Structure formats: structure tokens, C-alpha cells
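Shared chain: chain A. Partners: chain B in the first complex, chain C in the second.
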Partner chain A sequence: MSIDVRAETAVPAQRTSQDRLDQRELRRRERRFQHRDKWWGYALIAPAGIGLAVFYLWPVVQTVYYSFTEWGAFGGTSWIGLSNYRTLVGDPEFWQSLGNTGIYTGLVLLGIPLSMVLAVLLNLKGLTGTGIYRTFYFLPVVTMPAAVAVVWRWLYNGDAGILNHALSAIGINGTYWVSDPHVIRFAVAVVGVWMTVGYNMILLLAGLQSIPGDYYEAASLDGAGRIRQFFSVTLPLLSPTLFFTTVLSIIQSLQVFDLVYLIIGGNTQNALQNPAYSEGQTVVMLFFQKAFYDNQRGYGAAIVCVLFVLIMALTAIQFRLQKRWVHYA
Partner chain B sequence: MRRRSLLTAAAATLAAAPLATGCSSSSSASPSGGGSRRGRITYGVWDIYQVPAMQRAAREFERTRPGVKVDVQLTPNGTYWTKLRTACTGGVAPDVFWMNGPNFGLYADAGQLLPLETTGSDAVVRPADFPSDLISLYRWKGVQYGAPKDFDTVAVWFNKEIFDRAKVDYPDASWTWQDLISNAQRLTDRKRGIYGVGAPVREQENYYNSIPQAGGYVISKDKTRSGYSDEHTLEGLQLWIDLIHRYRASPTLQQMADTDPTQMFQSGTLAMTYECSYNAATFHADPELRAKVDVAPMPRGRHRATVLHGLANVVYARTPHPELAKEFVQFLGSEQASLLQGKYGTAIPARNGTAQPWAAGMPKFDLQVHLDALDYAVPYPTSTNTAAWQHKDQMWLAKAWSGTESLKGATRSLTDAMNQLLAQERRGRS
Partner chain C sequence: MREATRDTRSSRVRNRSRQGRLWPAHVLLSLGAVVTVFPLVWEVLTSFKSFGESVQVPPTILPAHWDWSNYGKVFDAVPLGRQFVNTAVMALLRTGAQLLLCSMAAYAFARIRFPGRGVIFLGFLAVLMVPGQLFLLPQYQIMQDLGWLDSMQALVIPGMFSAFGTFLLRQFFMGLPEELEEAARLDGANPFTVFWRVALPLAKPGLLALGVLTFLWSWNDLMWPLIVNTDPAKMPLSAGLASLQGAHLTEYPILMAGSLLATLPVIVVFVAMQRQFIQGIAFSGMKG
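Showing the complex of A and B:
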């Protein structure tokens, strides 16, 4: 034992100058290879990077530039400085649509606990037919928002919709769900939740299944019941997935357009005469209206720039706050 | 325009795609020099129901001009203007395309359209051949840019069955607003879910007519001021609000936002509806409906009036074939093409004296009513960027219609918003 130790410790002392030279040469070669590897790496991610730069970063830069300009109906821009942003601050329509978007986002976030309940239930041992249930809940995710909106518009129809028909059977007088200013936000959010619940559920299910069984075994040996296990083991270990779904849901909800646009009536007379239009309009809908119908593209650019900054800020705050509740196992 | 569904439009686009690509190899543009006008021109339209008529007209034009090919390109109305504006910016718009009143000012003002000769031997459009309000709708700063293609007037369509059941006489030219109100009340049968008349927030069908009928105006003659704060204008708007809330003879705005009033009429829940002439063909196409509906002039207020609107054919300013394009526009406005268009039934041809085949094609209806309306027509209200304030007016008025805002309050905000947009137009910031 002791000999071994000596032999090991003796090795450096026995190194000759020739050895040291080899060592240096080796490191030099390694660096050269690393250098070459680095360039290979860059070369291989270049196509994706160029795509991103051309189709994503450049338009972002352009949009920021255009938000400081006035844009004629047929091109031709003129620099007007902060004028668009000043108009924005005093535009009640913008604040209203921002408020609508905020409420929608808040309501859709309520769908996450629902997805979690579903995921936990589907994760129960001994449950049969989970595949069918998963497909069932995931179906709305793979359906086009446009199709979803058209179908729900019919379900919600005040006079002929199946929802009011069902409600009347139990003695409740349903309202005009998509044209009542007090109800529209909730009606739309229900569809939003319905559409996202499956996606979040699948993510959370994956999170649940990655929690090793040993933890539960240990917890139950310590005498923890199911509820205790959920709060002490499941929830903390699921927190990274929950964080991810929350961040994603917020970003997606703030950008919602097609679903709400089509439920309200799309680009038809029905949409224009919908008395709940202002209460349903989201920020992106306002952008679309300004940029493509009112010919105020510079102003539209300013609207989306504000939304962009808002999303970045909200996401940054969430990343900051995650230290308090997200536990990486 | 609203009657076409997304599905039919999508189907039509799909159906038209192979047509367009199939033709693309047959001929190519030849230089316009050498006296011969040969080549391929494109014709942009948005109404799927009119495509057969437009294609037929294009074939007729090709027949008389060997070496010429006309492609009719359909873009559904929902995306027509967005696509056209982008195409104009990029210099690739169709050589000839459809234009409407609300959008005309924008295109003419931006120099996107080619002026059309109105006099001399090579006149593309002779003003005397068309109703003067239609001609002036497409004149910008004294220059003619559009050749009227068709026109539409508004009239009251009614369901005879509902009238008979309620023992109410059919509407006729003698009806006043008061008759409309009292009879609509009598026709309303809440138990059956039937309403006397539909009072939606539709500009062309509803309040653009009632406003001049009451003696008001939407926009001042010099196009600098909104007319929405005028006393008479308010009267013209109040009529519809009263029909909903005071007389309870119309479905609420919420109901009409859920289900289109024209559809309500077609399914027998509305006894009367104000409709543009282009819907006649739709009603005629349904044999069951055809048997039980007819048409009468709009009830009169202080005056008798109908707003007149119609489409025009215009030539794109940067077309590579200006002469050929103009020739095609001239042909479309000719008696031959007009009669052809009328025969297909959807739109009333704009050219004087060619409207009869349109009315004669649907003898079940008293369509003369729509043609006679020309005598008391008022021009469609427009400015440079009409679409911008028109959107505002529907949004604000919807608040008044639904009762969430008083009419006075809504029109005050609307007047401010519209005046602001008009001021922007004058500063050249449309």
C-alpha cells in the first residue's frame, strides 16, 4: 500500500524535460483541435442562426425602427420620433385592449392547476385507458385555433347555441356569450383554457413521471400520507415544469389573436357590430386593426414593441422569482 | 359582401388555383410596340358569385382581340384589400382590378391608379353613359380614375308569410317611418321568436339611408367635417335604436351579432330587412324563400333617399400594359359586357339602360324598386381614407345601439375621432 503511494507521488519528480515538452505540444494540439471544433460548431449552427437573424432578429429591429415612423398606405416612411408612443399613452383603446389581454392571461393561468389535477389523476397507478384520456385532452391542442373558434362561436350562440339549450334544460337563462360586454372575456378565456389544458397536462405528466419512485417510498416509510406526499414531494419536484408552463402560457396568452378575433366575428360585419368588441379586443388584435385596416403601420409597430417589452419584462421577473419556489432536483 | 362564407371562399380559391397555373404557360406578354396590342393581363376581383360573369366577359374580350389573354384572379373579400395594398407597394398588382367607394380615395390619392380618358375618340369611360353619382364617386380632384361596373341600391325585403299571418298589408311606396314602426310592432311575435324588422349597425343598408332621409349627413360636402353631431343625423340614427329598445320590434344588437340579420330573414325570424340589391340573387337562388319574399321601397322619413354605391374597374398605375388594360376597362363598360353582367344576375350593371335584364331575370321579385331608387339616390359618403373612420363609426354606434352608451355620447366621441382622422388626411397623413 505504502509502496503504491510512493510510486504515484514519485511520478512527477521523475518527469524529464523531454516529457514536459511533449506535454506542452499535446496541449497545443488540443487547443488547435478545440479551435477547429469551435469553428465546426459555428458552421453547423450557422444555417439556423442565419434563418433566425434574417426572419426574426432583423424584422424585430425593423419593427422597432418603424415604430418611430409614420408609414403611408403604400410604403414610404417618415421619421416622427416618439410621436407614436405619445399617442399610445393617451389612447384609451390601447389601455382597454391591454387590460383585456391581462384579464385573459390571468384567466388562462387558472387552467394550470386544472392541468395539474388532470396530470396527477392520469398518473395514478392502476388507471386503465390513460392513452385514450391523454388523446382526449390533447385533441384541442392539435386543432387549429380558427376551427376551435368557429365551433365555439356556434356553441355560444345565444339563440341557437347548444350551451344555452343545455342551460335552459336546468332552468337557467343563458346570455349572449360572445356579444355581452360583461361576459365576453370569460367566454373567450374558457376556450383558451380548454385549448391549453391538454398541452400543459402532457408537460406536467412528463414531469410527474420523471420523479423517482424512491422519494415516495421514503416518504411513505416516514409516514407521509398521499396529501403530504403531494405537497412535500410532488409539488417541489414538479416546480421546474410548472415554471416552464407558466412562462409559456403567459407569453402565449399575451400574444393571443386568432382565437379571440374569430370568436368575436373575424373580419365580418358581425364583428364590427358586436357590442362586446372593445371588451374582447386584445393587444395583437388592436395591432392588426391599426396596421392593416387603418393604415397606421408605424403606430401598429409601436403597439407590438410595447407588447414585446412587456413580455420580456414579465418573463425576466418570473425568472427572478423562480429562485423562491422552483427546486431543481 | 358579407354573405359569402369562409368555406366557399376557400373552396373557390382552391378551385381557381389550378386554373391560374394551368393557363400560365399558354402565352406570354409581347412588347406593346408595333401597333398590335397583345399580351396577358390580370383582372383582380373579390366576389366568388360574380366570377362566372367576369370570366365570361374576359372570354368575350379575348375573342375580339387575338393574342390577348385575361386572367380573372379571385381574392376573397376578407383579404382583398390587404393583399392589393401590398401588391401595389411591390409593383405587382393586377393590371385591372375592382375598386369600391371607401377605398378609392386612398388609391387615387397615392397615385396607384391610371387616369382614364373621358372625352375624344379614345375615351375609356364616357360620363354620360353612367349615373352621375357613380361617375363622381370615382373622380379624384377632377380626374376620372374608375369606370363604374355596377351599382347597388337599398330596399326593404319582406316575408309575405309573416305579413299574412299578422294581417298586415305589404309595404309599399307610401310607407313612412311611422308605418314602419307601427307595422314592425304588429309583426313582432315574441312567442314565435319573430321580429318585425332587423335594425343592425349596417352603414350602407341602414343608417346611410336613414340619415339623409332625416335630412342629416355623414360627412360635409368639402369632406372636412363629420356630420355625426348634426341634429338631423341623430334623428336618422335614433330610428334604429328606438326600433330595438323603445318599440322592441327588432332583435337586440347582441342577437344580431350572434346571427346575421340576413340569415335571420332567410330562416323566417325577421319580417323585414333592409338589403342591398346584390342580395336579390341570393334570395332568388333558394326556391322556398323565393316563393315567400318580395321587395318594396324603403319607408320615407322627411325625404325619400337611398345611398348609392357601386364598384368600378380601375387600371393599376404601374401596369406593363396600360393601353390593353384601358381597352379591357372600356370593354367592361360597354353595352355588350354590361348586358352580359346583368344576365348573370348578381350585380346591377352601372351603364345606363342595361339594368333591365337583371330585373327581368328574377321576375318573382318586384326588382324595379331597386332600379327606381336611382331617382332619389344620394352619393356614398367618402373621403381619402374612408375605411379608417368608417371602422370608428361602426364601433361607436354599436355602443349606442346596444345601449351601453347614449347616442349623444357615442356620436360626440365619434365626431371627435372622425374629425381628427379627417384633419390627418388634410395634413397628408392618411
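Showing the complex of A and C:
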């Protein structure tokens, strides 16, 4: 703080033009149309604000509190300090589910290059039929996950599934994809990629379309070929979008629930009988099972609190690392 | 998006030669599209097969004879009609409420000056950043305390409020030209009238984008309905399908018919409003 003040008094001459600019900017902002009746402001915000406070903001505080408590058989909570977290650290089921979720996230990220290829192709100048392609690639995004799971369970079916039939045609013996502990994570990740490729493609396509054509013209005047243009124009200018897509993908994959839950069983009782259950179970599935099936609310709360911290930490790390590869124009 | 090609001969010729060079792109894109759509096509085909035919080895591609009966049998297995109504009511009420409440709050954040605006907005942003599972336990608790388990209120009410929607529409309002609003204000209209009569109609593209996204997410939402409504007659389709699959029903043609019926409305909405959909996603790039 003190350094700031000294700098300001020491070099007034250099700062004046900058100051004047700031002043102008400030006045411009001041002029922006704004109502002055503050009561209208409160009134318009109140319905959404109160709802969000009651159903979202306060629950976060409560969940954090719950994670330090144990739930009695007849309701009521008792404070047990860090006990839930200590149990969590020693719980192999938790580590297994965390590992499964990590693998799922990593595999789904492999879909981003795929989305990138599709977006680049769809962005080619003069290409016809882009609307139809876009519709097709986007269909899995809008399809209800419950329906997606049913369809893929059928494709993956060990006895009558079309996948194993196709594999046997080329001499490979397929397995029971959704109940084989060795393959379940990959089987699920394939569906995850299938469901997200179109979504990421749309994000990346929007990024590609915002790159001004002049850059390419300049590059081709300098003699850069198609490939060269991709690496020295497209990729750097698309890096903010790529970064954003990656961050979002990771946040969403770490919270994966419906898809895996449904492919493995459809309900908790059913899923628990699946031999591949522990190899497929994700962190949020573990939370769901503990909180709403085993009635260990405090433990469930601790699981999601840890997940929250993990997501925040990973996102923060990515924002740190972005300086190395993301170029903002 | 793409500039209209002038209908002169030279541009047509250039266009044709360009199309010629684009065929590898078409091959790749079509291949990908076939792989992407195949599971859905297989779903449709299976839904028209008899159970015996569906498990036949080697499998048939097209049904030997198109059997519509699976679509009837689904209704016997679950109260599909009821669940359909539940889903539609849930999705429409959530969407309608969000559009109204979010746009009001968004307008206030964008255009009205009042003490505490920054702090309140930070609260909204905080909700946006927290993973959804952190809300579930206390929300369930609230529903239980109110006696709302297994009810329509449980499906609708928490989903009426959205920090995401407020954020999206705030961005939208901030991008609108101010002159019309200023003029209305000078004519003596109060802020609500300016919002309702002037700003809201201008924000229609933003409202449509938020509307289709909210409708889709509500229609497909699974975890919350699974937690609060365990009575099949009170479930939406997503939870109904999950329980159908869990109920040891192994007749895949019936399951396929059910999934298709459950998905169809969203696909129709998507195809009809594709532009808004894609705009919404590209604009926000965020999900739930």
C-alpha cells in the first residue's frame, strides 16, 4: 500500500495522461443507464435471492456442518469433530471410487481432441450440410441419460449384444462389458465420450468462428500452409476456448453420477449385486449410497465436501498452469 | 454465419471446385455421424422387435415384422402416462419460474443501482461455483420437514431458482442498448415497467436460450427425483426408466420403447429450436 502511494506522488507527470484516460472511462461508465430507485432493486432480486439463499446457499453451510456430525437412528445430530474425515482417509471404498472417478475423467478428456477435429472440419470454408452434421453429433447430448444407459447396456450385453456379435465376426471373444471388473471403467468412459463429444464440439466451434479471417490471410501471405496455419494461428487463438472446455470437462466428469449409476445397475440394490460395482463406483455414487441408502448422512456430507475441495484445487491449479499454454489475444 | 455466395457463374464454379476438395472432410464427418447415431438407430430398431427376435443369434438388423406391442407393454410395466405428465409439469414449471425470477434479478443486477448489490451478486456467484451434490442433503431435509416427499412441489420448487440463469441473463441485459430504456424512464415509467415493457422483449433471444437449456436439464434430471420421489406414480420419466431397468425387466425391446418415448419430446424441442440451444451453450458454456 505505502509503495503505491509513494509511486503516485513520485511520478505525477507520467501518470496524468493515464489518469485522464481512467477519468474518461469512469465518466463513461457513470453515464451507463442505471435506475436510482434502490427499492425496486431489492424487490426484483428478492424472489430469486431468497430462493437461492434457502435452497442453495444455506444448504452449503449446513452440509459442511453435517460433515462434522453423526446422525442418530431417530434423527438428531451429534458433533463428532473430524471423525468422518478420519474414517474417509482410511476407507478403501473411498479411495477406490476416487481412483475410478479419476480414470473416468482422464478418459473423457481424451474426447476433447476428437471434438476439436470435428469442430475444425465443420468450420471448413464452403462446407455444406454443417447443420445436419451438427444435429447428429448433438443428439447424444440431449438424449436422457436414463435412456442412454438402457441403450448402451443393450449394446454391451454379453450374450445378445450387437457389440460382441460384431467382435466375434472379426474373431474376438467379447466379454460381459457392464459386469466385468476389468473393463467396466472403459465401457463407461466410452459412453461418457459419446455423450460429451458434441457438447465440446459446439464450444470449440464457437471459439473457431470467433477467430478473425485476417489472421489466416496474413499467415497465408507469409507462405504458411494449412498445417502451419493450424499450429501457429488456430491453436494459439483457440487456446482460451480449449482451456475453458478442459476445465468444464474436468469439473463435470468428477461429478459423474447418472450415467455410471444407471449402466451399472439402475438402482442401488441392483448395482450392489454387480460384480463390477466397486470398480465402477464414482465418488458421487458413493455419496449417494452413504447418504440416501445407508443413512450415514454425516459421512456422505464429508464425501461431497472433500470432492468440493478437490474440484476447487484442481481448477485453481489449472488456472495457474494456463499461463504456460493459453494465449489471450 | 457463412457469407452468402453470390450467384454469379464464377463463384459457382469456384464453389464447385471447393466442394470437390472437401470430400475427405465429408467422409470423416459422415463416418463420425454414423458411429454417433448408431446406438440411437439401434434403439429404434430394437423397440420394434419381438423379445425372441431381439435375443436371436445372429441378430437381425431390421425387425422381421414391425411389432408395435412393446409400446403398449411399457405402459403396463410403469405408470408411463402419469410419469409423462409429471415430467412435463416439472420441466415447464421450472422453466417458466426460472425465466421470470432470473430475468427480474438479472435486470436488477444489470441496471439498478442499490447498496449491497456487489455482495448479493457474489452470493449468486458462490452458488454457481459449488458442485450440485452439496445442496442435496439439506434440500432433502427441507422437503421432509415440509412433508413434501413424493410430491410435485418437491420436483418443482428447488429447481425454480437458478444462479446460472441469473448470471446468463445479466450478461444479456448488459449487452443491450440503453437508449430505449432511458427514453422510457424519462417518460416517467418506473423500473419495473421499463424492465417488463422495454428490456424483457429485447432480451427474447437470451430468454429462449435459457428456456431451452432449463427445459432440457429439467426433463433429464435424475438424481433429485430419485431422492425425493420414490412412489412410481410421482416420479418423472428419468427416475421411472431407472426403476424399470432396476425391476429386473430384461425385455430390452420394451425398455427401448420406453426410453424412446421418454426422449422423444426433448429431441423434438432440440430439432425445432436448435439455434437457440446451440447459442445458449456456446454463450454460457456451462451446465447446471
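Observations, loosely collected:
We take it that the second predicted complex is superposed on the first by the 272 of 329 C-alpha atoms of A that agree within 3 Å, B and C clash if a C-alpha of one lies under 4 Å from a C-alpha of the other, contacts with A are read in each partner's own complex, and residues count from 1 in each chain.
As a convention for this text, contacts are C-beta pairs under 8 Å (C-beta built on N, C-alpha and C of every residue); 3 or more make two chains touch, one makes a residue touch a chain.
Since we're looking at a predicted model, the values are computed, not measured.
Looking at the shared chain after the overlay, A:R320 reaches neither chain B nor chain C.
Of the two partner chains placed by superposition, only chain B is touched by A:S179; chain C is not. Set side by side, chain B and chain C differ in how many residues of chain A they touch, and the one touching more is C. Once the two complexes are overlaid on the shared chain, A:D159 sits against chain B and chain C alike. When the two complexes are overlaid on their common chain A, residue A:S278 makes contact with chain B while staying clear of chain C.
In the superposition on the C-alpha atoms of chain A, the part of chain A touched by chain B in one complex and by chain C in the other spans residues 150, 157, 159-160, 265-267, 269-270, 292. Residues of chain B touching chain A in their complex: 2, 6, 78, 82, 85, 88-89, 106, 110, 112, 193, 200-202, 252-260, 385, 387-388, 391, 394-395, 398-399, 401-402, 404, 429-430. Against chain C, in their complex, chain A makes its touches with residues 32-45, 47-49, 51-60, 62-63, 66, 117-118, 121-122, 124-129, 131, 133-140, 142-155, 157, 159-160, 162, 165, 194, 197-199, 202-203, 205-206, 209, 244-245, 248, 251-252, 254-255, 257-258, 262, 265-267, 269-270, 284, 287-288, 291-292, 297, 300-301, 304-305, 307-308, 311-312.
Touching chain B in their complex are the following residues of chain A: 70, 72-75, 150, 156-161, 176, 178-181, 265-270, 272-278, 289, 292-295.
Those residues of chain C that touch chain A in the complex are listed here as 1-2, 15, 18-19, 22, 25-26, 28-29, 32-33, 36-37, 39-40, 42-43, 46, 54-59, 101-102, 104-105, 107-109, 111-115, 117, 120, 123-124, 126-127, 129-142, 157-158, 160-163, 166, 178, 181-182, 185, 190-192, 194-195, 216, 219-220, 222-223, 227, 237-239, 241-246, 248, 252, 255-256, 258-260, 262-263, 266-267, 270-271, 274, 277-278, 281-282, 285-287.
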